[in-house]
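Just below sit the structures, each encoded as structure tokens.
Shared between the two complexes below is chain A, which pairs with chain B and chain C, respectively.
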Partner chain A sequence: MTAMLALADVEVRYGRLVALRGLSLEVGQGEIVCLIGPNGAGKSTTMAAIAGGVARVAGSIRFEGTELPARKPERIARLGLSLVPEGRHVFGTLTVEENLRIGGYMRPNARESAAALERVAGYFPKLKERWRAPAGRLSGGEQQMLSIGRALMTNPRLVMVDEPSLGLAPLIVDTVYEILLELREREGLTLLINEQSSHRILRFADRIYVIRNGAIQLHGTADELRDGEAIKAAYFGFGASVAQAGAPSGAAA
Partner chain B sequence: MRFHRSLHGFVTPLVLIASVALITFLGVLGGDQVKTSLTEMLIRMVVVVGMWVFVGNSGVISFGHVGFMCVGAYAAAWATVDPNWKSIMLTGLPDWLQNGQYPIPFAIMGGAVLAAAVAVLLGGAIMRLSGIAASIATFAFLMIVNSVYSNWDAVTGGTSSIIGIPTVVTPWVAFTLAAGAIFVAYAFKVSRYGLMLRASREDEVAARASAINIVRVRLAAFVLSAAIVGIGGGLWAHFLGVLTADTFYLSLSFITLAMLVVGGLGSLTGAVLGVVVVTIVVEVLRALEGGIALGKITLSLPPGSQEIGLGVVLALIMIFRPSGLTRGREVLWPRRRSPMTEVSTKTATALGPGE
Partner chain C sequence: MINFLQNVIDALSLGSLYALVALGIGLLFGILRLVNFAHGDFITIGAYSLILPSTNVVATMVIGSWHWAVLIPVVCAIVVVVAMATDVFVFRPLRRSSAPTLMIASFAVSYMIQNGVLMMYGARPKAVNLWSALTTQVTIGGLREPVLQIVTIGTTIGLMLVMSLFLKHARWGVQMRAAAEDFLMAQYLGVRGNFVIGLAFAVSGILAAAVSLLFLAQTGALSNVMGVPLALFAFVAVVVGGMGSLPGAVVGGFLVGIVTTMLQAYLPPDLRVFRDAFTFTFVIVVLLVRPAGLIPSRSIAERV
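What follows is the complex of A and B.
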């Protein structure tokens, strides 16, 4: 089986700083894959590289078999690969409804886009209550839901969510994750999610990649990494040999 | 309810147009001086509303729009000035322009088309830039337009003026076009393109992630905006009857931008209100500069007070209301507006601490 999204030896540099050094990962159809790692490890850069936000120095990024262009985020969004950027980027002065409608503008016909609006609103009852309020007035959790909703409006098959829990209360984070799971079930979405911490991820994800210093240190299924020890080692970088020595099986043992 | 909502969508332009109509109606009752100022204000309204289409929706400040006014004004003048004069002074014009004389509405539309065409060329190059870089590029455009129109003797008359342009723009003519500009600007704002452009103003990253081609939506607004400003230029030419390139330079750029900022960049209401408020301030200061007779003594402000006064007003607004008099809001029916804002602030505070 070929992966839906496949990154091979991706390298990204910001000036002299190397942000990703030969990163490879795969996401299969229908999976929930999580990328975890400390601040500055390269999680957001990975998503930006996939979504076309940064120039790629080397490597390949293929989505459903086709190589993605660099620096063309609006084209990539049309291919069915949607990014929910970190830090709740909503269009502050526009209403909730307008924010969502914008996501649907790339759909070819208006009726389909109206139906999508109806369906997406169904997942977020809280947003429906605030339909005509400016998005900037929403609470953090509502804004996070709105940016997920807007991504859904673009009719994606794979959604990347960059740190959905950032700055949110634990209860709200749970709600956000429940909605993401529901979306996988009902819409058949594939999800790639960035997180800084692993505890919640182990419950939701199918597979996990640990990233540090711009490269994958460890990967395995959630079951294999259940006890969290291998993740801890890879995350903080002690016992780097653990990661190199085929970590998944080592962690399961 | 449905009827109410569809009507509600166009309350803003209707209220604005009605208010401007009222001002025009009161103004034409005044003397010649008042009528002149009124017409000037209405033409500036066309220009400022045109600028707002781009600046307000995209959030990119343009210093170059007065350049489009210059392009529109000259193009309209080329079409309507007496052919005998043109054949002596503007020898560089193509034959059909040099020897022909065209109806004024046609001439003004021609000015709009030329301004839009220039905007396509210019915009294609600078819409890729962002923020201040784009603004500086528009300023460079203004300088280029000014030096081309001041020096291309065979086509623009160079530093000597174009004279003998028919002066047909009355307050009501200017009002009609200002109303048209308001309507078009609002229709653009609520259109798909307008919404996408406003989204890109709010957040470029999220806009591109939502498949918005920012360069394209900005360019569309830039071209429409240039066309409306070009119409303003054509009106100006047919109001003054005389054209010099230096009319369309720094001081006019400053005053039109001041109008936008005073009213508030975020809303069309702001653009319209800004024009009215700044005009009133300028006219009052101008009158004071001229002197007011009180019994035997005449009190007058020293020359230059007009600019200083305007500068002070601008500074005060920036300090106390940085997002302009309207704070980015559109005018709605008062009854409709108060319950809406009340509800949303209530829910905001009710939900606020919960997070």
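What follows is the complex of A and C.
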């Protein structure tokens, strides 16, 4: 069986800076795949390239067997692929309800999008309480929920979540991950998640890719990488000599 | 007192024209980061569309002589087509260009329209008589006001109400606000970027058409640069109100109109020729105190 999402030799540049240099990865139907890597490794760029937010210089991105068009975010969204971006990007001046509705407008009819709104709201009781509040007034955790809910409104089969833990208290991060797991169970979602650190990921992910300097350095199942040593090495690019290097191990571990 | 009240109504009437122009400019700025100087020329086109294209000094009304219930939608349609064509042929190919590039392109469009009008209609200003019945005066509690002033203020309030209802409740309105706040994010959620932008151009075209008719009915004169000062003052209004904020554009428009009218009325006669210099001094003071404008747009504040 072929992968649901497959990137092969993807290259992306910002002017003269090469952000992705021949990146390849795969996500299978129903999997939770995690992309981890340090600051500036190219995690967000990978997701933006998939979602059509940046131009791809070379390589192929296939979703459910078809090649995704480059730089056509609104068409890619209609194919069942949705992005929860880094920093959440809720529409701050729009209400919670309006933020969610935006995702539902591309559904074929109003009744269906109303039903979707009902169902999505069910996953996030906290949002229901702030229904008419401007999204900009929500707490970081609530904004993260809203951003996930908004992505669900587009009726996706694969959701990409960029650093869901960014700037959130650990307890809230746990809640966010619980909801993501619940969504996989109940909605049959496939998930691609970016994180800077691996410690939570090892519990939730099926497979892990480590990215550094615009390319995949290591990949394996969560079980294979459980002890964290290989991840640490790939993450910092030390090869085998992690112990002597005296690296700030907190970041990766 | 009566005199002062009359000045207030004059000020509100001028201010509402500026507010309508500022709304048209502010709407496109919010979504596209485009400072559209050609907006004034959309107004010019609306006004010229009333007469027969010819270089004769005497204007021959064609559309201008139709019943208002037909005239208004036809002029709106013409300006909307011009505005949307500008988008398709000029701004769409520049979608990923920087804000300064877009602004320069809008200058180019502006000059093209001005010179196109010059070629088709000749260089001399033309007198036209649109809706002369509206210049009759009514007396309200001792105030004698031309009906036109009241129609202008009423039209502006009406258009602003319709527009805010549209932006607040219509599905395309909500998508427009989302796109104005974070264009790429809206696209990630399936909002059709080009359609929303085209719609914004259409709305700005309707606003320009309304101004062209109200303004022409007031001045009775056509000239190929008639829209330029309107766009300039409206641009100032947009900056004073807060770039990218629609309530700001309206407030700024009224404020600039009020300041201009009041300076005209109350400056010593010797200084009146310098009225605009005083207006702009006032603008600079406002911007020194509130650099982001009176009602800064949240989305822009976050961007910086």
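Note that in this section the second predicted complex is superposed on the first by the 239 of 253 C-alpha atoms of A that agree within 3 Å, B and C clash if a C-alpha of one lies under 4 Å from a C-alpha of the other, contacts with A are read in each partner's own complex, and residues count from 1 in each chain.
Assume a residue touches a chain if its C-beta (ideal position, glycine included) is under 8 Å from a C-beta of that chain, and two chains touch if they have at least 3 such contacts.
Computed from a prediction, not measured in an experiment: that's the story for all the values here.
For the composite obtained by overlaying on chain A, chain B and chain C cannot both be accommodated without a clash. In the superposition on chain A, A:Met145 makes contact with neither chain B nor chain C.
After overlaying the two complexes on the shared chain, residue contacts for A:Ile172 are found with chain B alone; chain C is out of touch.
Look at A:Arg78: by the touch rule set out above, it reaches both chain B and chain C.
Shared-chain residue A:Ala133: touches chain B; no touch with chain C.
Once the two structures are superposed, chain B and chain C can be ranked by residues of chain A touched, with B on top.
Touch criterion not met for A:Val161: it reaches neither chain B nor chain C. Touched by chain B in one complex and by chain C in the other are residues 51-53, 73-74, 77-78, 82-83, 85, 89, 91-94, 98-99, 101-103, 105-106, 150-151, 153-154 of chain A. Considering their complex, residues 51-53, 73-74, 77-78, 82-83, 85, 89, 91-94, 98-99, 101-103, 105-106, 136, 150-151, 153-154 of chain A touch chain C. Residues 192, 195-196, 198-199, 202-203, 205-214, 266, 328, 340, 344, 347-348, 351-352, 354-355 of chain B are the ones that touch chain A when the two sit in their complex.
Here chain A touches chain B in the complex through residues 51-53, 73-75, 77-78, 82-85, 89-94, 98-99, 101-103, 105-106, 129-130, 132-134, 137, 139-142, 147, 150-151, 153-154, 168-169, 172, going by the rule given at the top.
Taken in their complex, chain C has these residues touching chain A: 171, 174-175, 177-178, 181-182, 184-193, 298-299, 302.
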